[in-house]
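Read through the structures below before going on.
Across the two complexes that follow, subunit A remains constant while its partner is subunit B and subsequently subunit C.
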Partner chain A sequence: MSTESGARDRGRWRVLQTNEGPRSGALVRAADAFVGRLELPKHATWTDIQSAVEGIYGKPIVLIASASPALQAVTGLWIDAADFGAVVCREADQPHYQAQNAFHELAHVLFAMAPDKWFTKELPRTPLVGSGGPSRLCAYSSEETIGLSQSEVAVEEVAFAMARAAQTLNRSTEETYFG
Partner chain B sequence: MILQLTCLALILLLAVLRGPRALHRSQARPAWWASVAGTISLTTYGVPIPAQVYDRLLGGQNFLTLLRDLAAVAALWFLREALAGYSRSAKRYAAPWRLGVALTVITVLFVLIQHRAPTSETLVIDQIAQPVSWLYGIAYMGVVLTMLIDSARLTMRRGRGPVRVITAGAVLTASGSVVEIAVLTAAHFGWGGAPFRESFSEISGAPFFVGLAIMLLGIAGATVVLPIRRRLLIGRLHQIGQRRSFHAGQRPLPLAVLGTEKQLVARTHHLLIEIGNAEHAGRFTPTDDETAVIRRAQALFRPDTDFRPTVVGKAA
Partner chain C sequence: MVNAVVGRHVRRAINETGSNLRAAAERAGLSYRSVLRYMSGERDMPVPVLLALVEASSADLTDLMRQLEADLHPNLTPPASTVAPADTAQRAPIAREAASVAGEDVESAVTALHSAQLELDRRMQELGVSRLAARSIGPIDATELLAIADVVQEIVQELRDV
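And now, the complex of A and B:
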């Protein structure tokens, strides 16, 4: 595993969204259909989704939470090593926020590795900014260079679709039995 | 009659509202079966089918009374099962054979009552001079009382919110059962004279049905109030987003809090991520009130125990 400065060179950074507009219903549906191709169980867990993405990726994925205070400007990254991939989120974030960022990185993996037939007009495969392919995914991308690109919007929507597949309501015991 | 009809309306509403959830979740089923059995029991009071017509459909001979009582026993048995599941006590489940024995004893005693026709809502009191009629009433009320006390014991200490209300209703209904047993016994042995018995028997059902109505309100609290409170919380979260312009152009508040729970979960998650993004970008610092709303909204999600990242880079 690289150091964080190394990761900066080798990792793909997720930038913070700054100006999200209204979400397109077609994009949301396309993202759900895209995640549907992972053939997840009805109540999927992180492990189910990670395993499904690993199946497409062809390599194991290690999930890491960085506690380093140096990881300030970004919320997650994907490191594509030769034999494995690493998805990094920040330990300081709330668990649901960490999970969303981890899903976002998994979505990047899918955008790079999934078969062409998975992509549609609503959800096209978009080239990764500053990269020439999976082996060189890793150029640092700042908010200025990436802005809120169509690629990031689509990736984030797929991340939301993964979260939808995995999240369930935390009912109280009262509601479980009498609700 | 007003009390019975109120209870019927409430329980029917609960049976309909809770049906889909009972279909999908086994934990929700006992309370739903209780509402179905309770609905059957409460429809024997003349609404929506006149008692004579209903009894004729059952073959006459006041089998309507038997149906009412058996359904009530079944309803309380299922309610006890729901409360037992809720309380998670070691000996929580009543063996089904006990229900079978109770229903059989009540049925046998009923069949032994002489001169059951014509249809009467007060068959047991009408025939209270017969020892078997008195025994029938005592057996039925005794079973009801036992189940209610058992239910209340299960949740007396552990119950929270709506379950406390259900427990309070069970205690009141249990006291109503004690009053009913006392009235039946006094009537059978001729204590107090006919006017006393008649006036007392008219009011003795009140604590029973008021307690039942309280139990139903408790269940309604879990069925209706908790989801409404959740939607209000999501509405407040939505308002935070609107006030801070995180999602200009999104749906207005009334539409944001409607929809299926799956949609609400997705919407809440989306809002929380927008808020998190804004916080990290330094565009939003929540007030204490907003922080409390955000924390409560985060607690709406069941934690995914599989999501356990390996923590690295911790300062020594």
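And now, the complex of A and C:
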């Protein structure tokens, strides 16, 4: 422990995140199992995931990139209309970040529409923060509020699980970690 | 100190509905431990958290604000019936100065945000949008909430016209 403190004091490394709290291995496995219920093909594409979620949703989902400068803090929206759903990302964001936002919104669709049996103790169906009206604002993550909303942690973990399912290449370690 | 006062009043408002802090936190999708930290004053309570707890427990927001104001500014906010017009005018500069301190900022921020969310909800209902989820990287202020309504309206109307 004293060695760690010494290294930290000399600025050689710092802890970004520990594996304590809800972001545990059990939650990651639960998210993978949850996405597994979509019965995606091996090396699924975005279209495969979108189609599978549409099947649960019962209506088409349109993916939209918004160029509106009005979206400042907001990085993604799920619009649930009577005859369709729309997932909105910000066009100015990096493509991989847009993808993560889109997966996050698709995860919300599943959390709202998937059958009860899909949810477990590790990955419970929890309500979004809302006003009683249509709008639901996801609790954001920051140093102040990280860990604030268990539902958001679960939704984000499912989004990561979708991203893992959509990796079409068997990347080497070098490709994965060094681009 | 202000944080603890806010926390105490939020807890009271929730308890008065017959609910409790744990149930309100669960319904709002918030971590109970984090909520306890806000209630004890250990952390600043973000406005969306306060609103979420109030909404999850159906607590009376107006009454909560009134109680907070009376507790945080007892000398500036006597009961309305005792304030003569001249008295109000005399107090106005002091009240404005006081507004820069935490108490009234909390109230005005809560009011503006709550109003904006109600307006967003109204416009979504008009559009036939039954649910709208927003992911964000920080707090969404009242201005952005109203801008979201414009963005959604444009998208929904154009998709329906296709």
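Please note the rule applied: the second predicted complex is superposed on the first by the 127 of 179 C-alpha atoms of A that agree within 3 Å, B and C clash if a C-alpha of one lies under 4 Å from a C-alpha of the other, contacts with A are read in each partner's own complex, and residues count from 1 in each chain.
Just so we're on the same page, a contact is a pair of C-beta atoms (placed from the backbone, for glycine too) under 8 Å apart; a residue touches a chain by one contact, two chains touch by 3 or more.
Bear in mind the structure is a predicted one, so any value in this text is a computation, not a measurement.
Contacts of A:Thr75 after superposition: both subunit B and subunit C are touched.
With both structures placed on the common chain, the touch criterion links A:Ser66 to subunit B and to subunit C. In the superposition on chain A, no contact is made by A:Phe119 with either subunit B or subunit C.
In the superposition on chain A, A:Phe160 contacts subunit B only, with no contact to subunit C. Overlaid on A, the two complexes show subunit B and subunit C touching the same residues of subunit A, namely 62, 64, 66, 68, 70-71, 75. By the touch criterion given at the top, residues 18, 21, 25, 27-28, 30-31, 82-83, 85-86, 160-163, 166, 218-219, 221-223, 226-227, 246-250, 261-262, 264-266, 269-270, 272-274, 276-277, 280-281, 283, 298-315 of subunit B touch subunit A in their complex. Partner subunit C is touched in their complex by these residues of subunit A: 62, 64, 66, 68, 70-82, 84, 86, 88, 101, 104-105, 108, 112, 126-142, 144-145, 147-152.
Within the complex, the subunit A residues that touch subunit B are 1, 4, 16-18, 20-23, 45-48, 62-71, 75, 89, 91, 93-100, 102, 160, 163-164, 166-170, 172-179. By the touch criterion given at the top, residues 26-31, 34, 43-44, 46, 48-49, 51-52, 55-56, 114, 117-118, 120-122, 124-125, 127-141, 144-145, 147-148, 150-152, 155-156, 159 of subunit C touch subunit A in their complex.
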